[in-house]
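A, B, C and D label the chains in the order they appear, each numbered from 1.
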């Protein structure tokens, strides 16, 4: 698979705690599918409306193609709300995520949001013919340093394609989908993922994370606890933390909405390990869902549910923190140097130099 | 029962919507018990520490005497937080209410809070012998106009007695328990209760409310939609809304914590019917719990639960609004004129004049 | 002015408390402007994409045309989140509303949201040429009973026009802007407004409300405290409260963001007076802003601000409750009978019969 | 000063980012005072009510002895609410902290809470003679592994003493005040503090943290990014994260309440650096206040305030993260081995071995 031909953070010998699932990806959670539309075209000077274009759309489908038919329990949390995630007011109220989680650039949230409704109308007789409304969940990060963001290049069909192309299996990382034009900790950012498989004694659940990372300052970057940011050659200068990070947490553990909020609230603990201080300009918004309890949403009649006791949630908390810590680094390791508008170039984090710094601090494993 | 010998709001011919349970009380929710300690002593000039005393403690036990053994799902909401309800941070986090809801005066929250822990330690070997901690829920309203509040007359044993005396059946209203020294909408306030029994087609659930009401200005008081406050003879002058109202909502409908929060958020709609604007000085804090799903809290192993769909909650929302509207008036109708510190006197709302005003507006039913 | 040629609620003799500003409209708050695009075309059977169309866009500009240049302190609250208001995560985080409040139908939130960004890009060199992003506030209510909502008839230019047409002065009510296709308490709903002017001793501030009301069941409707819904001839049957209400509260009182949230939390008290129980299907979302403290948002340097003490907020709380109570009824009184898709007809509340019911309950003033 | 005679984390050569204030303590924020009552008595087998006693009370006074006369802007945040911080509902509503922040053991919150009211009544004629109420802020962590917590050894006078003994200058760390019986990351925990002084170009503000740390598992402990927990000899076995951490953030930067909440939300980023995953049993509750804007609370008349723009908050966010990271380690370094009830012993983190591990990872500075 192309998706896995690039080295990932562990392949470089970076140490992380915990046991990943088979793919070390959000798709290790059974049923979860990920799709992308990646838009890359043009080069040279920005001409608003004509490009260059470096953007895209990401779709996370909690139950694959049945995304609209069987909503999942969900909850969200905003660490720093300089961003957008539509639909969260209903997630908070109802306890359900009733469609996919879409991620795109800041100025294309609207088109993607209406497109999800349109998609459903076109694919669902109930939606088209009856009193039905939708409140899609669409999040964003800003890609205007590389992308002609005010050219509004994302169209409804790009959202449709991201949904249609969603699949299980290995998940592409780096410059793909909504993550195409991202910058993270001074280097090229993008999409990253990771997962953890709990031990049988802890329920054997799987928890996975997918994130679109666009935040941070190089100076603060820590990898495996090592302050590598200060020792690597300078990437792009960024005087402030102006980006954002959107995090999607998925699990098959039977958690209720208020318990899923507890997962979402742990995301900052993982970001903290990587050195984030969540700057004013950062939209750090997180959503967590559980694929357990199929059928819970059905409108009629008392539902039978399963719930994990609060007292047994600790391994899931730890898995969340570990996955976030690793998925950010996975995104950075996978992202490749990109040149966008006005010949702005953002370099990938240099793998060799990164390994050298980790070795200096006795934190490099023997690379696989 | 003495508790029912006084007329209640409906007995005066005041119209309310909906169908109450047999007792029109929170105890119509199976298992819920209410207990009081009422402290009334002394008269005349205030001598801090000596009285006069006009205060007390109220205890609401969600599952009667098994209050500590089997926590209930719960949630809370603060309309105006000029008040205290301890333990809510854990209610919010865990989704559970792990003991009784206690209500007392503002300056006795602490003693009652520690007393609940002490009570449990004394009655439970687990608590006494193992690593165990408690985060009791204790709320308050201010009774310093009638009571020697800075004399700290509430002691641990008064909290114990309120718990021990809790019972099902008819619920005393007016000048009892924590509600002893209350003032509401310019007249004597106190404790009030009401319930609604849903139709079978709506699940046949019961929802009940108990409240300690101490808020409001006479000028704003509406009863059955009639602005009676302006037409009744003046009660005590109060230039501001300086009191508070604590509301406990109980139901046997199988609601999850995030759904119970939805009930708590409806309480203001009921207060609005009675004319409240929730002044700055008012501590308007509400807690809702469900007695369904016994055993949900048990620490070990995945639990099987029941959940009512969001789409079937409307009758419970309406019942909450109706119960709050009625329970405030029940508290006022039951409360009797009281004289407290420094010969401060607060008059009961005059029943006859109230009926006259309602009749003027064609809103008086034939009194039962 | 056409806007004022129709009778308003007070013109019918309906009694409300408090003293309105000169226009009894949100535009009594100095600087606030309101603009509409109203889309009405076609008739007969629904053909998705072709109509009939009964929808629109409303724009509320806190500081008129300087809406983007000088953001206002703001806060929001969701009573029942079955709806959308984009941009609220940043309002909550930053304390500022950085552009207009837009209101449209549920399925057009996205197009209006991106259009606000596009509008700013086109009108502002800074936005077009520099690193700039926008998180517009766009809310919605559902008009699919009358409007071809899945035809997506709202376009970017309709949002532009609503902004461009914004003005102070009298505010049109009823079937205008985003309120065109609304249903409220069983009758035709739409846009409504009201204001209150505080007494000089209370600071002399002005507070105004504009709302798009689409919620409620006829059976629950109370006007001036009278349960008129049950006595009026039946409007459309609605078995559930499936609509929504968006409320915008504006004031010139110098309130900080956390104080504006206190205003937003009072909106339910006003809705309660009109009989709402905020059904599961209702998106009841409110935003409050203050036009005081111009320049507060400027990015550089410590700002000097004014703040009203919490202890002096009570008249503003009461004004909020009163304005909400009245603006809902203003919307209903102004809205005219409308026929939309599939010949669905929603009747206006009958003025004469309404007066008759109020008279029966001795609650009709001599009509002006 | 005895307080400073023990080595602190930096004295051992542990590297931290940023520039501390002169004392590297919360008292670097002008006006902030800290007081303690430390209760240590008895040894051997637990006899409930008789000891051994290993507990205490901590008082943080935002404006020193004028703590009640001039409240400070404040906000709070709960990362994991398995704990108590009374008074937060009013902090959230009003934007003010109206007295000290008190910290004690879990089962003594009530007595300390009422004692703060009593203290004020005794020291303030207004409080004693007029309609006045108080809603003290009292937080806790659990010390029942070392302390006879169910013996309720904390009395009102211990709270009085903590307030009375408060002073500026160096701050004792480790086994003092409420932190006396704490356990942190498998070793002895307690009270810790740290501060940062911003550069003049960033406003030159000071930000300080005081925390009572009782959370964590040894296995997760990271110091300066190094996973030292796994390399140190085993401390006490703890299978779960059952403790808690209370964090107080103080600054002289002119922040409004909603901005202070932003500081409180950054605390987890600092805890993340130290390896926390915030277990289910942990009460991780944080409060932040600003000593700027004296007089803001006064009840009468519009106030003039200063506010730092959101765009200039980043250095304060980073300082918060850095102070939390360091103060936890300061608490652990200062805490000394303690034996409590039933001869339970909790070892201090071994300084020499800790230095050895850091050296192994090239993360030990030359010790001062």
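One rule holds for everything that comes next: a residue touches a chain if its C-beta (ideal position, glycine included) is under 8 Å from a C-beta of that chain, and two chains touch if they have at least 3 such contacts.
For clarity, every value in this text was computed on a predicted model and none was experimentally measured.
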item: Chains contacting each of subunit C and subunit D, listed by label; value: A, B
item: Chain pair, B-C or A-C, that carries the greater number of C-beta contacts; value: A-C
item: Of all other chains, the one whose Cα centre sits farthest from subunit A; value: B
item: Geometric centre distance via CA averages, subunit C-subunit A, whole Å; value: 35
item: Whole-Å gap between the CA centroids of subunit B and subunit C; value: 34
item: Where subunit C touches two or more other chains, by residue; value: 80, 92-94, 262, 310-311
item: Subunit D residues within the subunit C interface of the complex; value: 92-96, 203, 254, 256-259, 262, 296-312
item: Residues of subunit B defined as touching subunit D within the complex; value: 48, 78, 80-90, 92-94, 106-115, 117-118, 121, 127-128, 131-135, 138, 142, 144-145, 149-150, 152, 242, 283, 285
item: Footprint of subunit D on subunit A - complex, ascending; value: 79-80, 220, 222, 224-227, 240-241, 262, 265-266, 268-273, 275-281, 310-311, 313-314, 317-318, 320-321, 360-363
